[in-house]
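You will see chain A twice below: alongside chain B first, and alongside chain C after that.
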Partner chain A sequence: MTGNVVLDIAGLSAEFATREGTAHVVRDVGFTVRAGEKVAIVGESGSGKSTFALALLGLLDPPGRIAAGAVRLDGRDLVGLGEGALKRVRGRSISLVFQDPMGALDPIKTIGAQLVDTLRRHQPGLSRADARRRAAELLREVEVGDAERRLDDYPHQYSGGMRQRVMIAIAIANDPDIVVADEPTTALDVTTQAQILALFDRLVARRGLALLMITHNLAVVANFCDTLQVMYAGRIVERGAVDAVFERPAHPYTEALIESIPDPARRGARLRTIEGLPPDLRRLPTGCSFEPRCPVGRGRPVCRTVAPPPVPLADRGPGAFAECHFAAERAGEGAA
Partner chain B sequence: MSAVPARPLLEVRDLGKTFETTRRDASGGRETLRALDGVSFAVGRGRTTGIVGESGSGKSTAARALLRLIEPTQGSVTFDGIDLLALAPEPLRRFRRRMQMVFQDTTGTLDPRMSVGALIEEPLSVHRIGSGAERRAKVASMLERVGFDPAVARRRPHEFSGGQRQRIGIARALALAPELLVLDEPVSALDVSVQAQILNLLKDLQAEFAVSYVFIVHDLHVAEFFCDEIVVLYLGEVMEAGPSAALFGAPQHPYTASLVSAVPTVRRGAAPARRIILEGEIAPISGERPKGCIFRPRCPIGRDRALCADVRPPLATTAAGHAAACHYPGELAP
Partner chain C sequence: MSRFLIGRLGASLVSLFGASLVAFLILRLSPGDPARLFLGPFAGREAVDALRVELGLDGSLASQYLLYIANFLRGDWGFSYSTGQPVATLIARRFPATLELGLFAFLLAFVAAVALALVAAYRRGPTDAGARAVSFFAMGVPPFWFGLVLLLVFFEALGWLPGPDGRLSLRTIPPPAVTGFVTVDALLAGDGAAFRDALAHLILPGVTLALMPFSFLFRLLRANLIDIAREPFITVARSRGLTRWWAFVRHALPNAFLPTLTASGLLFGQLLAGSVLVERVFVWPGVGALVTDGVLKQDFSVVQAFILLSAVIYVLCNLAVDLIAGLIDPRVAGAAR
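Let's turn to the complex of A and B:
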């Protein structure tokens, strides 16, 4: 079950000033995430997904900047807030889990001290003793065995999977409404990945947490998330319920991505590839940004000259759309 | 069905590697770390054997040990009938042109100061093959073969994307026309659409040059799609080995079954009937090997069984060309 809108992003654009002109890295991105919902943004390297995550959390440093848009968290716009106000929000209402927990943890502080710091930063009234008790509870919640004792261990004494559990404990320490997870299982083995995804599932269900997962891994999204959003050249080009999109991708880019994953049932066959490279974000084409590589639209006058507006696909979940001139017919192809 | 030809190109028998650590054991000697123990497999000519397993399973150690980039402490490696472990340094150096390696990390393995042309030419000059002009012609033809304009020979590695650098690494490894290529996670760092290009290229090159591959890979979809035979490693030991389709279609070892069931899939209807989530994590064993099954502490079916605790299961044949090191093969199905 999903609840109230927690995160409401509207018209968010981010850009980088470069010597050769402005790179439009995130372009007019908007969507909402509700409590208890697991939403994914999937994209390849250079799609803009990491810049989007930084912009969302107010972490974009010059020469990057937010050019337009709003990021409303529980109704309050974060864009334009000062660093002090942002710091009070981050880790409290919205928190982040990175791919590399070793880089995010302090190697010379015990896990317990880092959890206590996180708790007391946002709850100054909490005594050290209470914070330590709370820290042990958090470790138990993320299923670290022997939690009391392990509070006194240092990050290097934890395995990669256990460190990621600690990162999740830190992320949920102050009971945020939404966790942004940027490639949270990419560095992990498949059996550990399965454990971490199962843990996220339990936390979402138990706490009514909203989860925004940013990843390159379509298969993880297919098995774990409710809503899929595909990013290409800075825009979300398709959004919809995971099952519907995988069943019949409406955007040719989404289809090509899914098809390029090796399918053991087609052993020996050639894999689908995507010819060419993503566009230069400083010199975007006037038409569809995928047109030069698109098996459906390449060379078609409408695709070359008109940027496709989002075509609503209402039967594929709330807010579903695809930015393709042929989205409606593609989504309906073969449908009864 | 795939069958290994009578005389495989490469035969690895009972390969073992033990590292000494800096720690002292109770008797004052150095504590040892078992990285590989009793690993055997074969690679047929023009075929691909995949070595799969998690980090710490020993798959990269196996790749390096069979090329003698590290010295095995036990076992034999026979390449086209020649005992590799018996070769003296100079004959081994000359032999290396017949077996090459491609790495995951092209940033660390392609010298940034060298041009792409010099990088591809280097193995040819090291082995004193051809005249300068012949070598440059070879560089041009290799570049073309992996999809570049030969003019890129003057450029440097940093001017290329990750996928392009991997193609340069492949061109460099194939310049010597080796019979065996050991590919250590060659597509793991790449985007899925680029990964597809590299896998297609590797398939084409294998058909063209009749080269055999040992493919070290943690992605089971890639392994199943690309490899003819599979070897599953856990803590340096072979858990299961067999033809790819049979091994993934009907895994006999509970570790393989757990891996298969843990892999997320995008295929509708292809998802496993149930998800087996293993407890704990792979943890290296220092000192004495426990006497039973190495996987037992995490095994969903063997944890509490006396036989599994007491007796190390041998790698026993379960079907043609398919073997599992388990006392209860096939009991746990994904």
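Let's turn to the complex of A and C:
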């Protein structure tokens, strides 16, 4: 089902210079994504997800910057490349789908113009007429009806869901190896969300591309992705196959996230939330960054003083781990 | 689009009606009898009454207004009391000079503002600070004073550019008048020397006149560019394979441009109507001198014609700008539906 490693991220750290010191927004993140794989990164607002997505494509502008690490796309490290080299990679080998379908398209250019531009930018030999035909095909592939005519429409003539389909068409236009989708369904209503996810599913299956889905919505991930990675305060604190992680979350933060999904079975009961706020990324605690909010470790000396190392949980999928001092016992017998 | 067009045209007509009413009332309600002014203090009562009838001054205010509009449209803009010549002739003789200077100054202001705003908003930092200092200066400095300083430096001290002697040096033979724009006429006549001379004469008054619209357009466009550059579609454009610079030029600039375009219409109208002082400094033979003379000599028909003409230009500029905006931004035309 999955193929070669497409994206290989190692020790990636990104930071923002602020008046009150450096904010370590992404801290030492590393994982791989294979062709045909659907990997999710889940975390609450401010956990560093979006910065991470921008850093992958080299789109982080000052005061933000990549402080360390490598982003190897098909074996080539993108970190440190200039705009001239990056522009040939962006939109061709790796592309991005944004959260906000309202703001993600240029409002004064037609959908067709934006698609044709994307195509011809990476395929200079393509004639205008051929590019237009390809653009119409792409719209049909993302299931926009009456594609030829709708090429000449402007973004404001499309609904939110349709715009997100256009964004996806732009993202897949040059047959990339991986699509990074940053909250692609957050701004959409539930029915449209399901349709967009189904579309992603078909595209991944048909084209064999890799998908890195970044979201705060665990429910989106549960039925859709293969591998789940939970991000907290800029670090991936747990990784594993989606089913295994949902079954027995090894990190207390993952467990808290899963429990905060509204559950119809607990109708009428108070919705569970995670108390407190994520830590200040400029003044991170020396121990576990989740310790102040953690129902398991709060106040425990080991959690307060020692940053937990990743504990491998081999039976929960390739590369599975959790960064918690109690991960092994929490994950159950199989992990020890 | 056609409904948008009709709507814009209708709005323009309403503005023109208002402007013509004001121009008309200024003259009619100001003290003094036009016929008496025209004929002078020693003309007899009968002669004045006869002229009143001839000028239509004996009718009701409404019929006078209609007559005034009909005459204006026919090109009959009355006579100058001080020179006895038709106002239309006087203005037609001088207006091309004002228009040429105005267009040149506006082009300068526009190109400089767009280029500087683009670089300032793209690079920020010291470049931005420097550009803002320039625009701050351009906004604050009085044009007539700055014009004199320019003359002192580039004519008096350095001798690089011609002094205040109108559109051409005395020894340059004017090219045959075709368009009324000396630069264009010189090119049409194939007279390179006259063209260079005409262009050299345009530079100092052009720069002086360009200061205000430059500063205004720069600040507006810079602020809009910085706003638009934060929009997600700029990041998306880069994620599709554009460099940051090209995302700026291709996507931020056209979007940030609309308010600038709208302001341009207003500014160009102001430029034409407001070049009076600069024309004085550079002895530019435009309508400015005509109008100041008209005001000083109470030559109201000249002033009145100028007011209405300015209003017509103003409205036409804005109409043109609105139509261009409708072409650039589909939402502008759509909103009027």
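Following the convention adopted for this analysis, the second predicted complex is superposed on the first by the 332 of 336 C-alpha atoms of A that agree within 3 Å, B and C clash if a C-alpha of one lies under 4 Å from a C-alpha of the other, contacts with A are read in each partner's own complex, and residues count from 1 in each chain.
Here is the rule we go by: a contact is a pair of C-beta atoms (placed from the backbone, for glycine too) under 8 Å apart; a residue touches a chain by one contact, two chains touch by 3 or more.
These figures come from a predicted structure and were not determined experimentally.
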*Is this a clash or a fit when chain B and chain C both end up on chain A?*
fit
_First (chain B), second (chain C), both or neither touched by A:Arg304_ = neither
_Can you tell me whether chain B or chain C touches more residues on chain A?_
B
*Classify the contacts of A:Asp117 with the two partner chains as first (chain B alone), second (chain C alone), both, or neither.*
second
*asked:* With both complexes superposed on chain A, which partner does A:Arg207 reach: first (chain B), second (chain C), both or neither?
replied: neither
*asked:* Taking the superposition on A as described, I'd like to know which of chain B and chain C A:Pro262 touches: first, second, both or neither.
replied: first
*asked:* Per the contact definition in the header, classify A:Ser45: touching chain B only (first), chain C only (second), both, or neither.
replied: first
*asked:* In the overlaid three-chain picture, which partner chain does A:Val220 touch, first (chain B) or second (chain C), both, or neither?
replied: first
*Based on the superposed arrangement, let me know which partner A:Arg88 touches: chain B (first), chain C (second), both, or neither?*
second
*If you take every C-alpha pair with one atom in chain B and one in chain C, what is the shortest distance in Å after superposing?*
7
_Touching both chain C and chain B, counted on chain A across the two superposed complexes_ = none
*Would you mind writing out the residues of chain B in touch with chain A in their complex?*
54-55, 161-162, 191-197, 199-200, 203, 218, 220-222, 224-226, 244-245, 248, 258-259, 262-268, 270-271, 275, 277-278, 281-283
*For the complex, which residues does chain A have touching chain B?*
44-45, 159-162, 189-195, 197-198, 216-220, 222-224, 243, 246-247, 256-258, 260-267, 270-274, 277
*Residues of chain A touching chain C in their complex?*
54, 57, 59, 61, 83-84, 87-88, 90-92, 95-96, 98-100, 103-109, 114, 117-118, 121-122, 154, 156, 167, 170
_Complex contact set, residues of chain C against chain A_ = 231-233, 235-245, 251, 254-255, 328-331, 334
